[in-house]
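Going in written order, the chains are labelled A, B, C and D, and every chain counts its residues from 1.
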Amino acid sequence: MGMVGGGKDAFIGAIHRHAANMDGLIELVCGALSINPEIARDSARMLFLPENRTYLNYEEMIESESKLPAGERMDFLTIVTPNFAHFDPAMLALNKGFNVVIEKPMTFTLDQAKQLRQKVEETGLLLCLTHTYSGYPMVKQARQMVKDGALGKIRKVWVEYPQGWLSKLSEREGNAQAAWRTDPKKSGKSGCMGDIGTHAAHLAEYISGLKITHLCADLNIMVSGRALDDDGNVLLKFDNGAAGVLMSSQVAAGEENALKIRVYGEKGGLEWAQHEPNTLLIKWLDQPAQILRAGANYGDRLSSFATLNCRTPGGHPEGYLEAFANIYRNFARTLSARLDGTIASPESLDFPGADDGIRGMAFIDHVVESSQTDKKWTEFRI
Amino acid sequence: MGMVGGGKDAFIGAIHRHAANMDGLIELVCGALSINPEIARDSARMLFLPENRTYLNYEEMIESESKLPAGERMDFLTIVTPNFAHFDPAMLALNKGFNVVIEKPMTFTLDQAKQLRQKVEETGLLLCLTHTYSGYPMVKQARQMVKDGALGKIRKVWVEYPQGWLSKLSEREGNAQAAWRTDPKKSGKSGCMGDIGTHAAHLAEYISGLKITHLCADLNIMVSGRALDDDGNVLLKFDNGAAGVLMSSQVAAGEENALKIRVYGEKGGLEWAQHEPNTLLIKWLDQPAQILRAGANYGDRLSSFATLNCRTPGGHPEGYLEAFANIYRNFARTLSARLDGTIASPESLDFPGADDGIRGMAFIDHVVESSQTDKKWTEFRI
Amino acid sequence: MGMVGGGKDAFIGAIHRHAANMDGLIELVCGALSINPEIARDSARMLFLPENRTYLNYEEMIESESKLPAGERMDFLTIVTPNFAHFDPAMLALNKGFNVVIEKPMTFTLDQAKQLRQKVEETGLLLCLTHTYSGYPMVKQARQMVKDGALGKIRKVWVEYPQGWLSKLSEREGNAQAAWRTDPKKSGKSGCMGDIGTHAAHLAEYISGLKITHLCADLNIMVSGRALDDDGNVLLKFDNGAAGVLMSSQVAAGEENALKIRVYGEKGGLEWAQHEPNTLLIKWLDQPAQILRAGANYGDRLSSFATLNCRTPGGHPEGYLEAFANIYRNFARTLSARLDGTIASPESLDFPGADDGIRGMAFIDHVVESSQTDKKWTEFRI
Amino acid sequence: MGMVGGGKDAFIGAIHRHAANMDGLIELVCGALSINPEIARDSARMLFLPENRTYLNYEEMIESESKLPAGERMDFLTIVTPNFAHFDPAMLALNKGFNVVIEKPMTFTLDQAKQLRQKVEETGLLLCLTHTYSGYPMVKQARQMVKDGALGKIRKVWVEYPQGWLSKLSEREGNAQAAWRTDPKKSGKSGCMGDIGTHAAHLAEYISGLKITHLCADLNIMVSGRALDDDGNVLLKFDNGAAGVLMSSQVAAGEENALKIRVYGEKGGLEWAQHEPNTLLIKWLDQPAQILRAGANYGDRLSSFATLNCRTPGGHPEGYLEAFANIYRNFARTLSARLDGTIASPESLDFPGADDGIRGMAFIDHVVESSQTDKKWTEFRI
């Protein structure tokens, strides 16, 4: 693995490294960790990277690595820069034959996402998008239960993602994370919806197996002086006729990272909350609700998609880094299978990719468009 | 207290009686408990009503009671019939000088509600509307904290009210509660929104102290064959610029009566859920969240509006009937004060009335109107 | 109903009245509400008692009431005085032909409890002991599930009852509740164990259907200057070989009234907590745990002992007063059946009585004895 | 890092490797992963170990590694074999100059533990004992708050550790984990108390800062046919006069790994549960309880011992593997500091060692001794 971005002053880069490290399948071998040469070098040193694979920009890295022998050069490139800087390194990497892992949202614009998908299709390379929350075992369990019809036809999807960390104008107070995320030039046309609304939308479609067909969005800038939405509520329509709501906010003061989803069908409902991710609550119309637990010993009641994404037995909680590591592990296994010429298991193939990225970018476009119109429903089309 | 409706085959009548009994301040003295004479008589007998005050219809009851001496006749009339049968007995009672307690929603149409309010203003009589959830001590605590500015300016209001009991076409399977609630002739122009959406809307305004100014509604009939909405999602705008969502459903399979509200301001947020009503969670932007408990011994940290609506010390849970009893007790105290010529305490005056009822009826009108239009925002006007 | 004790300065008397009022089956008709004549009169006036049935001591009340005609005199006497003042009025009432309801613990000494039981057996009158927590519907559900063998043979019983309200020497600071409860002359030979440990022991035996045969107690006085135990931990052995622990404290600073029980058998376990009394958690050895809810609509999965002790449908929480009211309602129904010469239903007969009271008094004796000896196990014998 | 035990058929070895991998500070360089040569070789291959550092027994490994140059040989040895096989490789490793990490309980007998401690003292090498639960950030926060006097003098410690996985005689049904843990020859003189009771005892002392001075134990074999205790309840006395209870069971059917601790002092109490490890509940005598969250942004309210053991911001749950990784990371940092000749930070030095291991072994001895005597209190002496 090579890495673009993620220097010692960044947040998500370290998360990616913890996740990639966890299973001993992936090794960081090179990096262009910062556009600031000093930070790039310092960060590389702290990560025990050799000097000759410490690069000062991604072009140099991709170029140099591509010249190394096959068994030696990085197997894939992870891109953990701000949104505006996803496309160029991703496209160059694909062009030079490298698989890529990209932080969400996939790109700065929907058009870029489409270009990347086309390139992926042309090259046959892998593109993985780190929609972390789909890596949780009980999210996968939820998805499989819906797929198996356990809840009957789905009627309702409520997904919410409140955070509180942008309740003040922190971007003016030296908070680097806040600064780029609220800057239209770096983040894109949406703030809150691009940053976390896309996670919520992905989760809703991932678990329900449905596609959003129409939406009606109310985006707000609650902190005056801010340039992008920090809050939004969206009515949803799905392709099977189900109705939904997506609520997302970064000014829900006192909330941490409270992603939660509820899905109701004819026979029952399910509830999953990221703050307690090892529990999946299944509510039945006329029987007691059940508490499904990751890693539990229920015979074959838990789906293989859940159990193969657990590392510990029930009651030994796994968290965010493990969910993230599942994305990496599944990607790595799929990649290994390709390199070995074997066939990856369906469970390994279960990581988000270019199609998810395009839907995410389209979601951003549509909520912004909807928020600016007087029309009630905006069609979700790609 | 006299009662219209609430015979032995009904649901909410018994609830009203438990609530009215609890504090020993109110006595059921007469009733027209059913339009079915046999049920009316049987029910009265089970409630130890004397035969001469067992009536077969409300006209007879109001007429007869009005002729009794002042100290002997009922002090007020409680109306617990289906929605379409609220207005007539209420108007007659007011005309004959009786105070009234009415189940929500106040009437069948907004116009009727306005007429009742006018009559209340003319007569100076009391009208109490049983929006039960505003009777919970920690709901009152929440309201007072918002009023005192503890959370700063309010930015977000999320209120949800999922039930699952109408997930099937129960109105065709002999469920009497389902039958009238889904019948436009008895329930009014909305089903779910009229029945429970009005509670959610009332709670949102009661706690936040704000008024809804605009809304955008998506009402659905999820169970085919049903005549009225059984589900709905509504975007809200409030008069201070806050944004909100109201979600309400009676097809959220597996949910009981899961009314829950979250309100966020500049400094923090609050969360209250009816399923665990003695807890109020206060979340702070940069300090640990706090768990406020009904009846707790925190010195004067709990508002008198909360403490005076508790009967037990902390850790002895009070529930739905106690919240309901608070409405009755506050109403009874206000009435007593009037009869005694004394001044009721502010806490006693805190029960819902005609203005709340009118806003509820307007809410129903507006969500139905909004749901039928292509326009995004519908103004909330009365 | 007549009442001894429970004047306006008392705590538990008001609780009894709320509970007795709730269902409209019981009416307070007379009282000797305080040994202070002024308080007795004031309290009676506030409760709308007629002057001629406002008594200044229990002897006078029992005497006078016994001379009233059968349909007019009180049907039973409720005794809500401190522990030392339970026996005399109870014995006199029984002697004069009145049924009695007594606050727990039943008496001041075990011997008194035995005398009362003998008198009850001789007279055929009813004696009800208000072990409130056994009145909760989900406690009854738990008991029935254990009885039906749902959990298999019981192996473990953990019951805990932490409170924090005696963390300071409040008895010296004008807290009347603290004063008598920590006074050996009024409370008896134990403080914490007598006051709340007895509830925990009763609950353990009530739910498990087992009897304690041996115990090993460690009682403590944690607040120096106090005369009676304010804390205690007890190892338990049951008659089927199960092991257990009973923990009880009134110096668990920050706890309210956190009675909780867990029972484990060969096939699964159950968990019930008084702070959220409408939920019964059932944990299975090899299947997902289930959440059973009071009032829920699961067909016949809930026992009639649970459903007949609910007043509201699922999701409308009932609490402490309703549990208390269940004791009164079942007592009243059993009494009515007797007066009518009919047979009370098994569910009505389910209220604690003299046998429970004797076991409670023996529990107090045994934990105090055990705490003072160097021997590990003390046999529980009566 | 070299590893003894932990082949592909084992449980805890994989956990150690995930934990050691996570931060990129530790690399597995050699292993004697099984006493079965085939499994040893297969496991090594799956872990990408070079053939020349794949060993078939620990003697060979320690011998060979000790001959490698300083920068190349393993820095420390991790021992993840069953209890009976801890001492020999640990002693040999220390004798050959290797630092060691050992799974708990430290050894098979107390005497062995003492020998290891003596050897550690003589050699100046590091010994780390993986009492995982002390690695959780909010456990460290709890410890620091008690140390700082936030709760006042400690009066009560309740620690419980129920599991249900040995509810059947699984050791006879091919469950390898069950087989050795219930075998006195491999596990030691206690089953449940040795396996998980030691964790609970360690946690109680770690958080409270107190030492157990006396205990009274009731150990049970609940599943007939089993050779060692599978359940136990223990009364505790601490060196400051506090009282406590330790409950531990492996037949609490339906429980996963539900370690939980509550500590009460004069001013308040704390509660921490392993199933939701990122939350620390602080209960106050006369103020609302507070919810402290790992990684939260409360200014300096969280101790550096908590914050330096977090990898993610609040709301991104960390779990069991991260707690485990904290033990490894702190050990690695302490080791690095030694190798670099620098001074480790106090936070890095915070990992369990030989003293903890000796107390754990003494705990096992004492609970077994106490359980077999008729005397109430057994003194805890080393």
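The rule is short, and it goes like this: contacts are C-beta pairs under 8 Å (C-beta built on N, C-alpha and C of every residue); 3 or more make two chains touch, one makes a residue touch a chain.
Keep in mind the model is a prediction, meaning the values are calculated, not measured.
Student: Which chain pair is joined by more contacting C-beta pairs, B-D or C-D?
Tutor: The greater number of contacts lies at C-D.
Student: Which integer distance in Å separates the CA centroid of chain A from that of chain D?
Tutor: Centres of chain A and chain D (C-alpha means) sit 34 Å apart.
Student: With chain centres taken as the means of their Cα atoms, state the distance from chain B to chain D in Å.
Tutor: That gives a centre separation of 54 Å.
Student: Measuring centre to centre with CA averages, how many angstrom lie between chain C and chain D?
Tutor: Each chain's C-alpha centroid was found; their separation is 43 Å.
Student: Specify, in ascending order, the residues of chain C that touch 2 or more different other chains.
Tutor: 255, 282, 289, 293, 296-297
Student: Treating touching as the only link between chains, describe the layout with one word: line, ring, star, complete or other.
Tutor: Its topology is that of a complete graph.
Student: Which residues of chain D touch chain A once you look at their complex with the stated criterion?
Tutor: On the chain D side, the touching residues are 11, 14-15, 17-18, 21-24, 28, 47-48, 163, 165, 255-258, 274-278, 293, 296-297, 311-322.
Student: State the interface residues of chain B toward chain A in the complex, per the touch definition above.
Tutor: 151-152, 155-156, 158, 160, 162, 164, 167-168, 216, 218, 220, 222, 231, 233, 235, 237, 243-245, 247, 249, 251-255, 262, 264-269, 282-285, 289, 373-377
Student: Can you name the residues of chain B that touch chain D in the complex?
Tutor: 282, 286-293, 296-299, 301
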